[in-house]
Amino acid sequence: MLKRRTDLAVEAHDLWRESAEAETKLPGVRAREEEREGFSVTRVDILDETGAAALGKPVGRYTTLELSGLAGRENDVFPRAVRAVRDELGQLLRDIPENGLALVVGLGNRAITPDAIGPRTADRILVTRHLVTGAPEHFGSFRPVAALAAGVLGATGVESGELVRAVAERIHPACVIAVDALASRSLHRVCRTVQLSDTGIVPGSGVGNHRTALDFDTLGVPVLAVGAPTVVDAATLCADVLAEAGQDALDPQALAGGAPGVIVTPREIDSDVEDLSKVLSYGISLALHPGITMADLELLLS
Amino acid sequence: MLKRRTDLAVEAHDLWRESAEAETKLPGVRAREEEREGFSVTRVDILDETGAAALGKPVGRYTTLELSGLAGRENDVFPRAVRAVRDELGQLLRDIPENGLALVVGLGNRAITPDAIGPRTADRILVTRHLVTGAPEHFGSFRPVAALAAGVLGATGVESGELVRAVAERIHPACVIAVDALASRSLHRVCRTVQLSDTGIVPGSGVGNHRTALDFDTLGVPVLAVGAPTVVDAATLCADVLAEAGQDALDPQALAGGAPGVIVTPREIDSDVEDLSKVLSYGISLALHPGITMADLELLLS
Amino acid sequence: MLKRRTDLAVEAHDLWRESAEAETKLPGVRAREEEREGFSVTRVDILDETGAAALGKPVGRYTTLELSGLAGRENDVFPRAVRAVRDELGQLLRDIPENGLALVVGLGNRAITPDAIGPRTADRILVTRHLVTGAPEHFGSFRPVAALAAGVLGATGVESGELVRAVAERIHPACVIAVDALASRSLHRVCRTVQLSDTGIVPGSGVGNHRTALDFDTLGVPVLAVGAPTVVDAATLCADVLAEAGQDALDPQALAGGAPGVIVTPREIDSDVEDLSKVLSYGISLALHPGITMADLELLLS
Amino acid sequence: MLKRRTDLAVEAHDLWRESAEAETKLPGVRAREEEREGFSVTRVDILDETGAAALGKPVGRYTTLELSGLAGRENDVFPRAVRAVRDELGQLLRDIPENGLALVVGLGNRAITPDAIGPRTADRILVTRHLVTGAPEHFGSFRPVAALAAGVLGATGVESGELVRAVAERIHPACVIAVDALASRSLHRVCRTVQLSDTGIVPGSGVGNHRTALDFDTLGVPVLAVGAPTVVDAATLCADVLAEAGQDALDPQALAGGAPGVIVTPREIDSDVEDLSKVLSYGISLALHPGITMADLELLLS
């Protein structure tokens, strides 16, 4: 079992490997690395309950994109990152009918920067449901898309899961795409990684620690999760700092709870969250509307 | 029938009086002026369909508060304005069960300042539904309150009326309070007036021209509307400017459409909208939670 | 003499023509129309004091770009607009030494959207003064550029002209580029026009009505002014609306003062100001750094 | 000498005590604790160069207010905190002529929340210089006050110290009050502590690590510094977390550099910075204008 909490399947897998005999193969899990658009892509498929128990995550597909260079705004990294998200999400969308309504949901708290990736992504999705319905003669060839920032319980009195269920029951999407900020155990992944999965959102995950699940069981339709880590917890940071100082004999679990209410983020968290939200909103919009180009989006959304 | 569009019943009534014989009494309408907390209060009750046809508004009670001095931030005007909104809304809430769930809905577009009063008010309501449900031993004496900014069709693909219906069907409020920015025909009322009514929101009203009604018929529960005018239309402005120049022979209708896509606002619109949203969020929160003081709210919400 | 106030030389010239005999030529003024990047360009050169008195503006060159299509975000309008600003400003910069320090100053009030073009443009200038000084081995080939948002008197207690003089006296720029929001007399020009001139900023101009001049006389170096109209005044709007209704016999001056404290802006003022600020910051940065491409700027500034 | 960097004299003193023999008295330093408005106040006076060398800070007076309860918005904590800042700053202002011009300077980067305390405080100072000069018959009894957010080098090309010097040379203040975000070595002090001193700002201090000094030597007038810690560095956090886990044998210096580019802040950093900026702007404004009440400020500034 894992000693440190992480929202990333790739980290759960790494931790398992660190703790296991070097040559052991984890039953019920298949992992492989590839490359897309110049970025490293790691796929962790949890195949059965054995794998799920080992990694502490539901059965399903988990894809991790490492968007190295995004923070530095290296040449052409933005369009490459958008295409990578588009194509990976496109794979997860293969079984959803081409013209099925997609509901994109941004989870998290707009007022806390590292938790704002969900709402800011939802704000910039190319929505078309009203156009497809209202002017089918012009927009009938588009997939209908709706988007929603679900708010936070303390500000609305309504659990975000409850709100999404209410809307889904009324507009009947063919799938839900839930976007959320995640916690990572590695400083090196924060604000430069995207995880896509077909398992929905699990209670207790995300920066805001969601209370209820958003998945096939609760919503009755496939739920794809798109997340990006924006924080590490303090104990995790300390374990990393100690390791780099050559002092990793400590059990990181012993540090847990040592700094409650603290968040650890990159210094450039404001621009990092802005950049990541843009990559996600563009990538998701292009995956949902394959006929649209990035230049079209620049005009329609910027 | 009215020549100029207005969202304010008090203006519809004024227009009718201007156009009518001086001594005529409008059948089906009762109007009277009072004072509360030093502000002028006008009550226009539309009693039947004759009155409704004459004023172009549904049967119901309309209360207009003129918050003179608010823009200048005169001494103690803020607490007086809050108490006036609290007490007037309290009257409209008399028939709602004391512990009935209230859903406060902010209509309008957060990204366009004069249309942002609804969402900004909803952001600062003291919500308690999750507390009453989750910790009834501590919060059982509170009225459960939820709040929601309904977003705009172009950004969500979901009509705000549709979203409110979806949520209302799920959480079953005892009443809905809909907050919205309005259009006035008078420069002198803009950003210093609040209208409260028990008739809900009518299609075509508000700065954003809502498409569907939010009222008892569509939601199945009483809908109270709280609005504040933040814009005048260009034709209205011109008629006013001409009148002040002594040249009011023109039919204002002849000017309509002369400046499409233009909005006319006070120069201080940013701080005006901030101030009004604060007055409304405080007044509504205090009307819903009679046991709470303004000082409590300052601590809980600011 | 002009009946209506305008900050645009091209409008002052139009007004003069409307009021003059059809065939008369205005002495001391040369005006001509051209095209650049598909946009209409009007050049009004005020050659002497006769022309200055007739148009109510100082002797100098005034170039007006009409960026039609910018609001609609038509295809490729953004890069064309940036290149047009770059090239027109480049002409005004011809006599400034290539490696002379340029100080870009944003005038206006960040908190009032239509007055925020200056500060928002200054925020996104590619500044290099600290790099050229601090690491000449890497950046010695760049022109040193500094940028400053000058704040507003009511918030700082220091006149913006005073602040610019203080900084100019200390850092000794070879030229100052002052960016400001203007008032137009035509709804059709608002938020889609840019005026460039070599005369600096005149007291009483701009949305905020600056108190002191920023020009060669006060700063001792050439001052280029870059402005964009974001408001029309209420009397101007009314004259326009009346004219469109076929009732233009009125003297617009008679309407002046009819709606004090009111501003008239496009409905989309928030995104219009954002777009214009981006065009100006990119155009100015490219004019000052001829070796840089727009793609470079996207990476460095966005 | 100190192993860990801190901007707080009270922490430097604590560190010295921890490292020293229990009974030793530090020569050249006088420290004592008091209480004001229910808050703990620690005064560390560095009396001579021996004390300065021991604590790594210039000779002068350092006062630390611990604003316990501020984050929780406990009853009346805001007015008490404002009065405490007002009174402590009042003591440092005793030798400045009553009607001498005060220049309040906000240091730091507005775009990075934990570094934004300086600019946000400067934004809300009650400035009067223009009123005292422009309408002495009404405002002659006020102290002239100017305020300035100094910007950041990467965005302006002008060092903030250079900008402040330029303005000071032009407007000749009797004193400068420099407001800045600080780094603390203790999680428990972050966002709930204010340090006031009469020594100005030292190079390398603050969240943004200022390059040049702002003090009597560079500006020629007394410089009071008002700062609040908003971050801890990662190595410091780890040492604290380890200590709480009972494992403090490690030399914290060994951890330095383990997490470059990371900031550690409270989860509620956005509202914390908002609250602290308000406390500082109110406290400073009241110290500079003894005739004004907090209620006056609420009306004039909010």
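Couple of notes before you dig in:
Just so it is clear, A, B, C and D label the chains in written order, and each chain counts residues from 1 on its own.
We take it that a contact is a pair of C-beta atoms (placed from the backbone, for glycine too) under 8 Å apart; a residue touches a chain by one contact, two chains touch by 3 or more.
Keep in mind that this is a model prediction, so the values were computed, not measured.
Summarising the inter-chain layout, the chain whose CA centre lies farthest from the centre of chain B is D. Residue numbering shows that chain A and chain D use the same positions for more than half of their mutual interface.
If you average the Cα atoms of chain A and of chain D, the two centres end up 39 Å apart. Averaged C-alpha coordinates put the centre of chain B at 44 Å from the centre of chain D. Looking at chain B, one finds that none of its residues touch two or more other chains. Chain B meets chain A in the complex at residues 123, 127-131, 144-149, 151, 153-159, 162-163, 165-167, 169-171. Taken together, the chain D residues at the contact with chain A in this complex read 111-113, 187, 234-235, 237-238, 240-242, 244-245, 247, 250, 254-255, 258-259, 261-271.
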